[in-house]
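Take this structure first; my questions come after.
Chain IDs A, B and C follow the sequence of writing; residue 1 opens each chain.
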Amino acid sequence: MPTDNKRIAGPEDSISYRLFKETSNESVLSKINNLKNNIRSDGRKTNEQRKIFLKCGVVSQAKGSAYFEVDNTKLIVSVYDPREIPKKTDYSLKGELFCIFKYAPFSCPNRRGHQQDAEEKQHSAIMKRALESAVCRHEFPNFQVDVYVLVLENDGSALSGAITAAGIALAQAGIPMYDTITSATLAIQGSTKLLDPTLEEEALCTIATHKSDTETGYDSHGIIVLAILSTHEQISEFYQLGNLNLDTLNESISILMNATKEIVPLVEKCLVDYVNKTFKANGQS
Amino acid sequence: MAKQFKSLHPTKFYRDYLNQDIRPDGRLVSKFRPVIINIGSIATADGSALVRIGKTTVICGIKAELCPPKPEKPNEGFLICNVELPPLCSSKFRPGPPSDLAQITTRFVADLILNSGCINLKDLCIVKEKLVWCLYADIICLDHDGCIIDACLLVLLTALKTVRLPVVQYDAAIDKKTIDASVKKCLNIYNTPVSTTYAMFEDKIITDPTTEEEEISSGLLTVVVKDKELCSIHKPGGSPLSEEKLYECINETVNHADLLITLINTAVSECNDDNKNC
Amino acid sequence: MNLCEAEKTFILHGVEENFRVDGRERSQYRPMELETNVVAHAFGSSRLRLANTDVLVAVKIETDVPSVDQPDEGKIEFFVDCSANATPDFEGRGGEELATEIANSLTSAYRSTKAFNLSKLCILKGRKCWKLYVDILLLECGGNLYDAVSLAVKAALWNTDIPRVLAVNLDGNNVEMEVSDNIHECVKLDIVPAPVMVTISKIGEQCVVDPSAAEEQCATASMVVAVSQDRFTTVLQSGSGSLHPSTLRESLKLGLEIGSKLDQALIEVLKQKPAKKQIGFLM
């Protein structure tokens, strides 16, 4: 690991105190069992999303920006003017999106580094793929639009939130788009499908468990992120992790399609509110 | 029309305004922008705060970790603070390693915290030579509209005052650490350094400049005070400044500092009322 | 390689007629050649040629300290190197994006404990574990990299020998371990459930598998499906493009079907590994 002499580095071997908290293995299993019986720790129904707060125009310096909050998941997205693609020799007919997804160092239970790690890079790539099919890229050939995401606090479903928020920020920035883009996350443990999982639920759904105490076979588990262009019914990104069979996947697609459609009115309202506000402000001056 | 004039002749545009003793955003020359402080908004951090000065927004989260101390300072903990100016906050910054401004701000804030003695690193010691706290304070700018040092300092101090650390039992013989998260302790903050920034524009001194004003100005000056005393002055080049004017700025900062400190204390005490177990 | 509109239409019509440019059907793979144990100093290796796509995989093993979150698990890391020989686009840092994308997809596909059990790689809980470095070198790109890479990785891991640990002693804070001297005394990993990836491209109205480089350019969207024993471990899209839910369902079904067949065929081939050649003195 090369030393980073542009920041102040801490001691090499510091570890989070949370690791020394007393946690028993049993509690994890009982939590998973609760999930399998459709009981969520925050009392939600399995197909219930958390309340979403959306606001655009939060960063004054940016062309477009949005803030997204569901309970404890908080993130901010900003979009800047198109600029020429750096270090590019040949001409590209289609413009590009440049996405950076970053967790703030203090946003997760364990501290994150300042530089993007593999997971953040992967999330950036997923966002890029999801957003590129929503943007009319032929309108700005040989240019790139920068999309920056910073997760201030992560309590699950951060990636899907980032995609939804980035869609709003792009729209506010006046980047030509085909459609509004919305996204949702589903976590699966056994036969339970949890919409909009919290961080704890996400962690529990990456653990493979046995079907029951007597059987040795493993149960389904996994996480799915789906992004959709709602008017055109086009899936712009589908990303799945874990271990699932075909039937579960098919069911999940239906659940996620509905969930993403529920978010569309919120996105539209957020943008309409912004337009109204700007009109009023312009009318006064 | 005003818009075109502004982009063609920014300096003249600005001078015309100042000749009428008013600034384009409607403020008087020596008027501060409103300050908003929000605390404890990040649950995953051990202490956090958000500060807005006008449109400038910074957030600070403090994460506490455990580590052995340095051999040369066996009874001192660590406070590692970094200022991040990500490309998210302004088009001036590009992705990649920290910009020069970010490095300068980081260094200035870090040195100031250590030199002002507002926090005693010995308080962070758990067991001498064995185990100390390491506080990582990460300050991230979300919206860069001038006076970044002021905002960083304000947010860091506020966040430090909200830090709650659990009690640690350490058995050196078997290297075993146990955490009691039910009891949490505050950190002792011995004083509160606060700063204000001024921009020099021709013969005038402008208080609390925005990014636009910082860019057309001929020089910047940051004055840091604590307990009504001068703590530090940061003047990175630019046009010269008369002694008289400097004194004026210091006095103004001292007066404004009271307001800022009251603001911090109000915010923090409201939080303390919420959880009395501190 | 850039195709003109006429060429694209030709490919499109071929796919529509279920008779692709190289004579294949839509769900047919190109011929494959697999060789294992090709790199002498690696713990396991393989080389896979899928028509013009050429991939070399080598597995190296080192000891490491388990991560604090998972003290009873070993580690596996994938690294993809795009050789500039493969295509001129990879010169300089050109291939980096593709390389990280392939490496990330492998990491996701191997993440589930059911697909690849890392706990077998643990030597002493919280203290010592094996770390597998899977290095993937792309020698030539002729389309369908994900499938070729995943097959080659599975074959290389199948071929991997992990040294047998005879004893582990804890001396204060140091872990001492004794490894069998006999180089033939090794442990094999259980690689049967390891995932195999299938790329499905949507060309025109149809879904095809194993697209060639030319066909990849005509695709409106591509899905990569990682299949492990009739279950999905990862599904992701490659390249930009969007698709209708019904297309997604269709391609998932096709992917599962093809993936299972491919997996079976691979395991069959790997099982009939030739008996160790006796290399006699002066032969």
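Throughout what follows, a contact is a pair of C-beta atoms (placed from the backbone, for glycine too) under 8 Å apart; a residue touches a chain by one contact, two chains touch by 3 or more.
If you want to know which protein each chain is, UniProt gives these names: A = Exoribonuclease phosphorolytic domain-containing protein; B = Ribosomal RNA-processing protein 43; C = Ribosomal RNA-processing protein 42.
Predicted model, so just to flag it, every value in this text is computed and none were measured.
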If I average the Cα coordinates per chain and compare with the overall Cα mean, which chain comes out closest? A
Could you find the chain whose CA centre sits the greatest distance from that of chain C? B
In whole angstrom, the CA-centroid distance of chain A from chain B equals 30
Could you give the separation in Å between the centres of chain B and chain C, each centre being the mean of its C-alpha atoms? 49
Going by the contact rule already set, what residues in chain A reach two or more other chains? 15
Residues of chain A touching chain B in the complex: 4, 6-11, 13-18, 20-22, 58-62, 72, 74, 76-78, 80-81, 100, 102, 104-109, 111, 114, 146, 148-150, 152-155
Which bits of chain C are touching chain A when the two form their complex? 68-69, 97, 100-101, 103-104, 107-108, 111-115, 223, 228, 230-237, 239-245, 248-249, 252-253, 256
Which residues of chain B touch chain A in the complex? 41-45, 48, 55, 57, 59, 61-68, 70, 78, 80-82, 84, 86-91, 95, 97-98, 102-103, 106-107, 110, 134, 136, 138, 140, 142-145, 166, 168, 177-179, 181, 211
Which of the residues in chain A come into contact with chain C in the complex? 15, 19, 110, 118, 121-122, 125-126, 128-129, 132-133, 206-208, 218, 220-222, 224, 229, 232-246, 249-250, 253, 257
